[in-house]
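Take a look at these structures.
Consider the two complexes below, in which chain A is the common component and chain B and chain C are the respective partners.
Then we have the complex of A and B:
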């Protein structure tokens, strides 16, 4: 960013070519900075896929690369959602996998054999460079000042709000989707400005790409019609708007329907209805506009009234008819939760249980956007000042995205681009005003009159801000210039520091591999996940079914390559609730469930030894809630709380809690690590009961080094047809047979 | 049906100011003196026939044809049923999309709009039109199954 400043200092002296050259170099540097600031995790850990969803994307990409596009398209995956399976090809957004597949084959073609894993790991940083470029283009369409575009690109490159989803290894849909989002908006602005079918068609193409990449495409589907609608309402309808909107909609909708997962949604679901409605509206407006040009005004009014009435009756009747007959699907749950933040918690616990669907806490805004959060309103205000077609777009985008970002943490991602653009506009305005060296020349006028002129100009001219750029009302003293420029430079430097710090500390952890510090300050890598998954891969049969909570489904599929019952796709709530019920019930209830689903191994995550808080006991209440949603009379959330309403795991835990399979699996044998009666859970800070839980239907198979992952084998049916409880007690009795027999008489002796 | 019956009801209120002010051009006052709906419509029609360039008329004919084809498809869908929904949808959206693209071409090439589209020559507009149609039909063919 310091480079961006120096560029505007250079301007008087250098020619246009040099400036263009500088701009290219600066953009390349920004892209390089964007890429390299995302590499913390690769350098600190290794080139590894992060978190949960990326593991599925990675697995799908490998499938695509190995089996080709067509079998990927028809892929039925029988190794997930056992016994149901998943029509993977038709239920995913293929954009990400196809992109990396294309890159892979292109590099092969250039005789650069790169491992597909490295392409997947580095895809997100690579696309972040492109995002910075797209932000530059978008901002340059908004304002004339070239420094605004460069600043916006730099902001976009390093802002934590975007880095959070695009560090190396976070191979998720958002990695390419944000680039596509920004670039589609750029093309749209271009189309509206020029009124050209070419740009409209390009918008539609990139919109189609975006649809294939991320479910967040609905944001575009609603924002562009809203922009068009607001422009029409402001009386700014023009033939250019008609051309750009209709060519985008006609082509873009068709393009979006090519994706099997989207299919007929664009004409069926309510989320897409606004764009269809605006499409119809703009046809009418165009027609009316055409007729108005042909007719004198009085006749036109008569005609207009008739048309408006007719259209209203037809449209309203049609809407009622379609809704009643059920052709238009009602709004999906995820969208209800956008309007009513409490909705999901009551009706769909599975959506509310995902942490990224929670409402945003306010410090997150400062954390992710730093100083831009207070520059952002200034930029939006500047857009209000001029309010051309494209600045209306900024205002609408800002308002909508701010709301959505407040509702869902994940949607902070859609807010980030507009914040970067708006705050870069505000910041470049400051810099352009205060970095102008020419102003002192017009000292011939006395200051008093120029002050008066300034007031008068501000009163008369509607665009007061632009008038301050005129030399007459410029900044006179060097001291004030230096102060403001210096302060801005300090802010920029602090911003860079903040972004780097946040990236390195908060967003660069793979969460598959954990890092901790030893007392001497050296780094200690905790690799329990991979240890356990590797154990599964090596020690279990190829088709052993693993039951775990859905969070770990993708990882088990990706790293251990074993079939799972549920995974992060969460398309079947009942199936997830079944697993939740098995986890939260007594062993006698769980065992038949596990037998019915052919479960061979059960995997739990337990952080009590290490103090790892993201473990299954902490997620347990969600399992209970989801199971309760399906079997309200068998699983009751209330029974897991003590009478005083506490969620406890120690001596005072409720019997339901103590007898639940999850509790037993987590704490089984745990007190053997400690001196008698000293067993301690370091996450919940609780001292555990002296007598640990007993397991009868499952047996411990593997526990990782730090006890984070524990794997249990589900026992086969008993050979003698006994139930497992009696079999276990018999085993125990058998082991202490002689003592028991001697103890039998002891009872007698007491008598 | 409803608006047609409603339209004459509103006309008396609007005719009065038209005749009294009489500030409108001669042509309009001629038709405005009897501003029954059919007069307005015939006025539009005459205006259209006289003023529109023949090239634009050609485009209009094409658009009318597309409207007819689209309406026929829709009618078929309602009467017979929408069984190959893909096919109906792609056929229908092909007509709608082509209509829209042609309307855009008409706007861009219409001399009345020349100040809106300063940077667009007729050749450029036609090239855009061809590109748009090409994409449209590619998507439709791909979607039709």
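Then we have the complex of A and C:
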């Protein structure tokens, strides 16, 4: 930006040095801005791990630091998925934990004793600085203008689309994965440009790191082959492409197979078949290319082409056959649902139930990308001007990633880097044009044909874009320059304001700790989650099993350190459905289930008092749906809706709803808070029945300050062998109806 | 020729026998009817006869309204699936081991049945367990299947019916007939396309290699996807909705909600903004005439400012807490 202006001030030699210096300083400032804009949550709350998944990663990192790498690799965790356990070492992406472990040990080696928690909290902001750097490198490969790279780095540093997953405390796989994604793409572009085995091998190395860090590596696995394939189709096959692709594929596949969770997937699953297929294709093309260079006969060339096409078709058919016969695993549901968008809702409700797997409405795009959303198409258009090999990559990436981001909110993350690169290209083009101090000569007759070199250049590029066929003249008046530059400055300023506002308002809440405003404007912290988890930690035996919906499994494991039945890993649908059934059935049905799973405590989240909408009653239908998928006869979604098809919790709720364990646990004793008959649910805006639900097989153990978390203890079997219903009614003083039993002896006496 | 007459005459009693056969068992009676079509077509009278209480066979009846007057799309969509299910069940169940019959009752033929069952909606499947015999249940009430989850395939209904039957009873699988017409038409189509490509390739290749076309395709795709087209596609959002006062409301309330038209408007806004950017960046510096260039700069800057301001105002409407704005709107 500023670099372009300083052109005339310096002599060439000093100016090169000064520019390099300036660039380093600007990049360092951008990195600092990227890190500091992610610290809102630490400043407002405290240095705390956010959300759900990060709690597992944190727990795993602690395990790694305490027990060493090898025992982490073979870790079998018996404190989750009770009673099944989980082979944790073989079912996670270890990249994140190993990265923080390495940082931890490096700092210890430098005699800096930093708590592992602080490393985990600050890992994502730290890596976002590196992401900005990687974006600078990637953009600088695309265009000659140096300002584009700096602008892209600045965009990437502060765009909310990326901040959403990388604020301090958001210790998730994406924290390092986006840096690896962008850097791998940079290395790939470098490899394709230079045709160098060295860069290809580096691509493979970072690809391997990416595989170890995030399941989204499949995006790279398919994007690079697609790029190579499109280049081949465009007739742009070259030895450079061959060298870079084969070295990446061979080494990268080997590297990815080192991760236990990935294992032999690269040669056995459909997601990876495109890279294998293109690998085969590029060998064929290389062979044909070689033979063509040796034998110039025209017929022979035709024959060769036919052979290539034939082999390609046969190989493709073979692939389909292998998939059908089951040797190659078909697309897994998660990836398949990206193409067939209705698939997940019917077949895998557990995937459809996650909010970040929902499709994206347009406000979300604007919210996350702001002005870049309309600069982005302009940048993509700009790539068509010269359409070099690397610019083809931008176009493919742009189209694919916007499709994915449209289908799933979560994949906005993969779209963000390319949006930053493309819009920085467009924006810097404007800035470079209008910030030029030189004014062309006002000679309207001559300017068209005066510059012979430019006309010749235009003639050499016959199939360029229509808008760029005429030679560049430049901007005549200072008024136009001032208008455009001034407007650009305003837009940039607005962009920064937007990003800061979004980050501060939407993405900086830890979700473990909630903040609200009191009437006088001061901040009030709602800390029910930690209150309840620490209650569990201090008041229950070390191996008390906690049953809750899977959303809270990782947090219970991390904060309360108690075994759970299900957690956010969701590897076993039946187990989750079991919990769903226990929650959605009558007490008499749920009690045996809980006994069989040795459940000691049940935890529910209830937002009715505070108006906290993310509570269990709002998630309840998903529990019912998932349970119905396994037991369609015993749990029926229809029974939770009133005859008019409404989901209600008040007086008119269906009997199934009122008798379900979840409903009872949520509203138990709730009406005692209010005057008689006035109990109000503030989330669903409903007045509750005057008579609250009664519990017999479980008893209330703990309710947090704002009633967000309620914990119940599962009663032991009755001492007299009664069932719990009759025991409760006996304690209440109700008479037992025993008409059937009295008949027995009388009959006996008559005989 | 006399012997032929005798022969015919001697055969007469057999024809009488054959005609008399239906009077026997009710199950065989209805099963014979369903052999050709798979399901028995019922009316009020035969429905009550079909489901009368002492019954040693199970019954699955589809209550539907096929007539176009009722506008039941679901009924018409489901009918072939139901017939297919009935047909493959009857075919796979040669010896009638399952003792299950399929029936269809249209509203036109069975108005009083619909009234007596107090049915408001169609289609509905009722399943009656046998009341006598080995698989009998005490509960005489039929089990009801509502089409709450939209159209169902024959396989899904097959799974539902199989759940009602006891485990040891055979359940013939649904066998879809091979669609020869489709195979032939697809093959012809593929061959036709290949031929067309081979013939037209001299004309098509320049089009395929045209950068402007590819640029247009990519930009349209990007604009479609970033303006939430996939959301409309997946959620099946309405195109527009009324605002309650007789007018049209173009923008849906709420942050994660949108109308079909709304996303198109937004795509158009993005398109105009991008085009203005492209013009400023590439077209304007190539204008040789100084005054024309000056005019173009002001024009496109103005368009950019107005459109961006309008976009911000629309976004403010969607997201209540948003505070930023630009002059005109």
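Just so it is clear, the second predicted complex is superposed on the first by the 670 of 751 C-alpha atoms of A that agree within 3 Å, B and C clash if a C-alpha of one lies under 4 Å from a C-alpha of the other, contacts with A are read in each partner's own complex, and residues count from 1 in each chain.
As a convention for this text, a contact is a pair of C-beta atoms (placed from the backbone, for glycine too) under 8 Å apart; a residue touches a chain by one contact, two chains touch by 3 or more.
Not measured: the values here are computed from a predicted model.
Partners chain B and chain C, brought together by superposition on chain A, fit side by side with no clash.
Once both structures are fitted onto chain A, a short way to say it is that chain B and chain C open up an angle of 90° at chain A, using Cα centres and rounding to the nearest 10. Of the two partners, chain B and chain C, it is C that touches more residues of chain A. Contacts of A:76 after superposition on the shared chain: neither chain B nor chain C is touched. Judged by the touch definition given at the top, the superposed model places A:373 against chain C, while chain B stays out of reach. Of the two partner chains placed by the overlay, only chain C lies in contact with A:403; chain B stays clear of it. By the document's definition of touching, of the two partners only chain C reaches A:363; chain B does not. By the touch criterion defined above, A:571 lies against neither chain B nor chain C after alignment on the C-alpha atoms of chain A. In the superposed pair of complexes, A:295 makes contact with chain B only, with no contact to chain C. Applying the stated contact rule after C-alpha superposition, one finds that A:257 touches chain B and leaves chain C untouched. Using the contact criterion defined above for the overlaid structures, shared-chain residue A:198 touches chain B, although it does not reach chain C.
In the composite built from the two structures, the nearest CA pair linking chain B and chain C is 17 Å apart. For chain A in complex with chain B, the touching residues are 194-198, 200-201, 204-205, 238-240, 242-243, 246-247, 249-251, 253-255, 257-258, 264, 267, 283, 286, 291, 293-299, 301-303, 305-307, 309-310, 313. On the chain B side of its complex with chain A, the touching residues are 2-4, 6-7, 10-11, 14, 17-18, 24-25, 27-28, 31-32, 35, 37, 40, 43-44, 47-48, 51, 85, 89-90, 93, 96-97, 100-101, 103-105, 107-108, 112-113, 116-117, 119-120, 124-125, 127-129, 131-132, 135-136, 139-140, 142-143.
Across the interface of their complex, chain A is touched by residues 146, 148, 163, 209-212, 214-215, 218-219, 221-223, 225-231, 233-235, 255-258, 262-263, 266, 269-271, 273-274, 277-290, 293-294, 297-298, 301, 304-305, 308, 311, 315, 318-319, 321-324, 326 of chain C.
Residue ranges of chain A in contact with chain C, taken from their complex: 341-342, 358-367, 371, 373-378, 380-382, 384-385, 387, 395, 398-399, 402-403, 405-407, 426, 429-430, 433, 442, 444, 447-448, 463-468, 470-477, 479-480, 483-484, 487, 490-491, 494, 497-498, 501, 505, 632-633, 637-638.
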